[in-house]
Amino acid sequence: MKELPFEHHLLELEKKIDELKSLSKAHFIDLSQEIQTLTAKLEKSKAETYSNLTAWQTAQLARHPRRPLTLDYIAALTEDFLELHGGRQWPDDHSIVGGLARFQGEPVVVVGHQKGRDTKENIHRNFGMPHPEGYRKALRLMKLAEKFDRPILSFIDTPGAYPGMEAEERGQAEAIARNILEMSRIRVPIVVIVIGEGGSGGAVAIGAGDAVLMLEHAIYSVISPEGCASILWKDASKAEEAARALKLTARDLLDLQVIDEMITEPLGGAHRDPKTTSGDVSDAIGRHLERLRAMTSDELLRLRYDKYRRMGVYTEKVNGE
Amino acid sequence: MKELPFEHHLLELEKKIDELKSLSKAHFIDLSQEIQTLTAKLEKSKAETYSNLTAWQTAQLARHPRRPLTLDYIAALTEDFLELHGGRQWPDDHSIVGGLARFQGEPVVVVGHQKGRDTKENIHRNFGMPHPEGYRKALRLMKLAEKFDRPILSFIDTPGAYPGMEAEERGQAEAIARNILEMSRIRVPIVVIVIGEGGSGGAVAIGAGDAVLMLEHAIYSVISPEGCASILWKDASKAEEAARALKLTARDLLDLQVIDEMITEPLGGAHRDPKTTSGDVSDAIGRHLERLRAMTSDELLRLRYDKYRRMGVYTEKVNGE
Amino acid sequence: MGWFTKTKESIVPTNLWTKCQKCEDAIYNKDLEKSLHVCPKCGYHFRLSVSARIGMLVDEGSWNEIDGHLRTADPLQFKALTSYSERVERAVDKSQALEAITTGLGNIDGRPAAIGVFNFAFMGGSMGSVVGEKIVRLVDRAIEESRPVLVVSCSGGARMDEGVLSLMQMVKTSQAFSRLSDVRLPFLSVLTDPTTGGVTASFSMLGDVVMAEPGALIGFAGPRVIEQTIKETLPEGFQRSEFLLATGVIDMIVRRSDLKATLCRLLDFFLPARAVKAISSEIPETADADAGAALTL
Amino acid sequence: MGWFTKTKESIVPTNLWTKCQKCEDAIYNKDLEKSLHVCPKCGYHFRLSVSARIGMLVDEGSWNEIDGHLRTADPLQFKALTSYSERVERAVDKSQALEAITTGLGNIDGRPAAIGVFNFAFMGGSMGSVVGEKIVRLVDRAIEESRPVLVVSCSGGARMDEGVLSLMQMVKTSQAFSRLSDVRLPFLSVLTDPTTGGVTASFSMLGDVVMAEPGALIGFAGPRVIEQTIKETLPEGFQRSEFLLATGVIDMIVRRSDLKATLCRLLDFFLPARAVKAISSEIPETADADAGAALTL
């Protein structure tokens, strides 16, 4: 497993415990006391580390190469997934996947950004960075969901819209704008789950739902910490400071009332216990879906509108300068 | 002016008359008798020729390089034309034009195939053969018309959808199908005018309207005479026979009840008197628009459905073999 | 005589064996039938007869053909080297069918549906007035009885011999599916080798889900027309199912052996208020879903 | 002091002349003002101040600013090298405005409209909570009073200093225009140099007609970000108005001198039951409409 800098001492401890265990086994020595002490220390240290992650550390966890990806959640949370590739727009964009599935027995449409696990996969998936066709494919699927009155699950995990020439040529901006507008009209519940990186316009293009849930160690931001640092600090190495300043963690977003719920991750992050994570994600989605399905579509649209209408913080000075 | 084979004797006569006139003028000889005789002969010959055109001759007139094109009709029939390029699909397709205009004082949306006048223009316009984006642009404009309750004028003049690799790649078939489907739902009147070539799927993709008018010397067919000849006769030179067999003239289509009205052209074809032609086109459109605007949109959609529902000829044997 | 032994490609003299058009392997006919006419070696999908297609999809005893009596009336009195009427009669003889589509009502593993199957053996599955009318009546019937619609296309396009009337069938059929869509009944469109021209450019691309059998030629313009236009040879795989998946035109590629189970899953997804159990055990995970990705565009 | 004499590009020492950024000609300031800040020689469109923009579009005496008192509350307590509050104060000083958009009601040659004009001088015209709120209120007001909406955009995108809240303004503003669309009031969107990021990728691309001034930089990603990504220099003209016309993204390019007349024609087209006379004499036929065609993609 790839090591993140702040996990170093934990991994060292884990290694030491393993060594003691082997030693004990190989030489029939009773080291249970020592092992127990170290394990307790490890657990304490883990708890300390992961409950006090900085924003930058969270960003690193959000991008962890072993972190569960959209297709992992689809596999864990749903049955009978049938991927649909036809965005009816050239070409098929592999950085966004979607299709039909059953969630807790009920038919749903799922869409989501898809990153890769290794270089080859990442090239195929364009590192989870969509071109315009990706959004249009997602929109087609969401309209299909609307037509057949099926709720939508949308998984967010992208560094952002792809900043390339062809994406611009083919109308990246319009595609994102169109999706946001159309999502405000889709007459079925939309549950959004930020599972990793919520990168700016690329995220919001499939993220403007009724309920926005976010994993504890996911991030959601208007710009990457690196991008922000290089613009505002003129120094990309200030990413750590930028991450803090941007308020991009789930706890921050809960405070800012941008998300509806933070889904706690197992100690050490989703990748250390994907099963528990997906169980918790499933529960959270289920709860929100139940709430949203009880509404008429008029209510749903009104509340969705109000939700985003309220976002933003400003003051009104009655006598402006 | 480019000469069509069947016009040869007429052009010869015209030349002779001009010669006599110059002669008379230059030498102060009175040739008025001769000129009058020849002119009468010319008129008679013209009437004979143009009222008895074969289907193949009609096809040649329909493709005559001097024949008025969509933008010519827009300029003659409407005021305040504002071309809109944004199909919101890469790239802008110059073989289909469209925009906002006023027809007889009322706002309308116009769309149409656009051929070129010369090689350079034809390359720019792709000889009036659309790619998928052309249809999608037309559809966007038609939806804009629907949104603001403006009727649609659609001018048909294309050899057909472009049979190229990129067009296939980017979903030519789906784009045509989508347009046909969406046009059956557009809640404003759609008046279609076949002004030159009505080439197969490329034509019908913007041609499924409430009223389909057709100029006398236009053609409208499922396949070009040349294409048909090379498939069914295995010989492209049989185009003349194929043209006749295909029943592609305005009179044929009137008989087959595929068009609603044939607009008579000035003797010799639209290009010999564009002003009279566009006046007649304007009158015809005006009449149909008036009729269609008197309907509710529900009536309109029902009648549009019924119109195409009826098309086709078949028998029902009660005891099938 | 089985359908596939009639194909001109089957050059093995005996009726016991058929040569695969792709891998050239000789396949014992009984095996080919068992494998739904898919080459056991290379997966090549042979063209299927209407009866075989209905047989593999529709529950035994549930099939009721409708509108089988409709026949063309030769509206143009069309004549090329031979007359249209003659060509039709020959097609009837050759295909043992009256027209290029068979429509009817049937159940797919217990799920009622309205089903149309194109017959390529009848004038290349071309769409004229009868095909158009039969499709519209099928859709009307589906709306009456609240059935989903499935069409298995296999067609060279519009039928030239009916001129502009066959062109109008594109409008007539597409607007019928617009009505089906208005009442929110699903349309599943299956494209098989080949589906081109006016059929591709009308209703068959309008499915809520558009799927294709592997390796099928699917396009608007035929490959020869394109090659004449661009004066180049088309790359291998152009306009094949895998290419259409990669270009975002179709939703999925479904192997014939998975087709029935996939249709069932789709119907269960789209149809309201059916308490069905998941049948995921029966079919593999989205097979071939990414096959097109390897294709270089 | 006039706006353009402040730009760092105007290196001519006197305030009487301004140097054109494109053709480098020195232009007498009075001439530049008369030409609506368009270079008389090469047609370069200088960036316009909010007051100049309103002055050229809105009938004298008809302008009523609304919501001018809204100010940011620094929700993140954001601090980079300097704090957001400081940056805002500096922007207020520099631009003599309280925020990056001015909104209000006014008439365009007698036609009532709800109008928003971005102010690039205020933090690069970036969209934060206040800009979002002002746009939504403008749309609300337009719906109340049945007015069409015109927004002249000029923005670097979302305002980083408000973090994810500025991202949410994309949703907030876009959904407001969805409501405007529902009541069938027109939205005319004018893009000026530059319009990028979250403003381009939200409401400003959602106009019933989207037009741009000539030569404006318009895109989602900024050119530098793209160059860093692809590790190449972008071709001349990439992401300029003419490029966007050729790529089918925008509807038309309108020269500043034609803008008011074009807006009038559009409003007359879209607004119901206004008995207006054609004003085609005033402006040339779709100028620059095909300029982008020459661009090699």
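Which chain is which? They are A, B, C and D, in the order written, and residues in each are numbered from 1.
Basically, contacts are C-beta pairs under 8 Å (C-beta built on N, C-alpha and C of every residue); 3 or more make two chains touch, one makes a residue touch a chain.
Quantities reported herein were computed from a predicted structural model and do not represent experimental measurements.
Think of each touching pair as a link: the shortest run of links from subunit C to subunit D has 2 of them.
With contact taken as defined at the outset, subunit A and subunit D are each touched by B. The chain with its CA mean position farthest from that of subunit C is D. For the pair subunit A and subunit C, the distance between C-alpha centroids works out to 41 Å. One simple way to say how far apart two chains are is to compare their mean CA positions; for subunit A and subunit B this gives 54 Å.
Spacing of subunit B relative to subunit C, judged by their CA centroids, is 34 angstrom.
Those residues of subunit A in touch with two or more other chains are numbered 88-91, 169-171, 174, 178.
Residues of subunit D in contact with two or more other chains: 181, 247-249, 297.
Chains touching one another, given as pairs, are A-B, A-C, A-D, B-C, B-D.
In the complex of the two chains, the subunit D residues touching subunit A come out as 68-76, 78-81, 92, 98, 128-130, 132-133, 136, 158, 160, 162-172, 174-179, 181, 197-198, 200-206, 218-221, 225-226, 229-230, 234, 238-239, 243, 247-249, 297.
Against subunit B, the residues of subunit A that register as touching in their complex are 88-91, 169-171, 174, 178. By the touch rule above, subunit B contacts subunit D in their complex via residues 79-94, 99-100, 102, 107, 124, 133, 137, 144, 147-150. Residues 181, 184, 186, 208-210, 245-252, 262, 265-266, 268-270, 272, 278-280, 285-286, 289-290, 292-293, 297 of subunit D are the ones touching subunit B in the complex. Across the interface of their complex, subunit C is touched by residues 161-165, 167-174, 176-178, 180-181, 184-185, 198, 200-201, 203-205, 208, 220-223, 227-228, 231-233, 241-242, 245-248, 252-253, 256, 258, 304-305, 308-309, 311-321 of subunit B.
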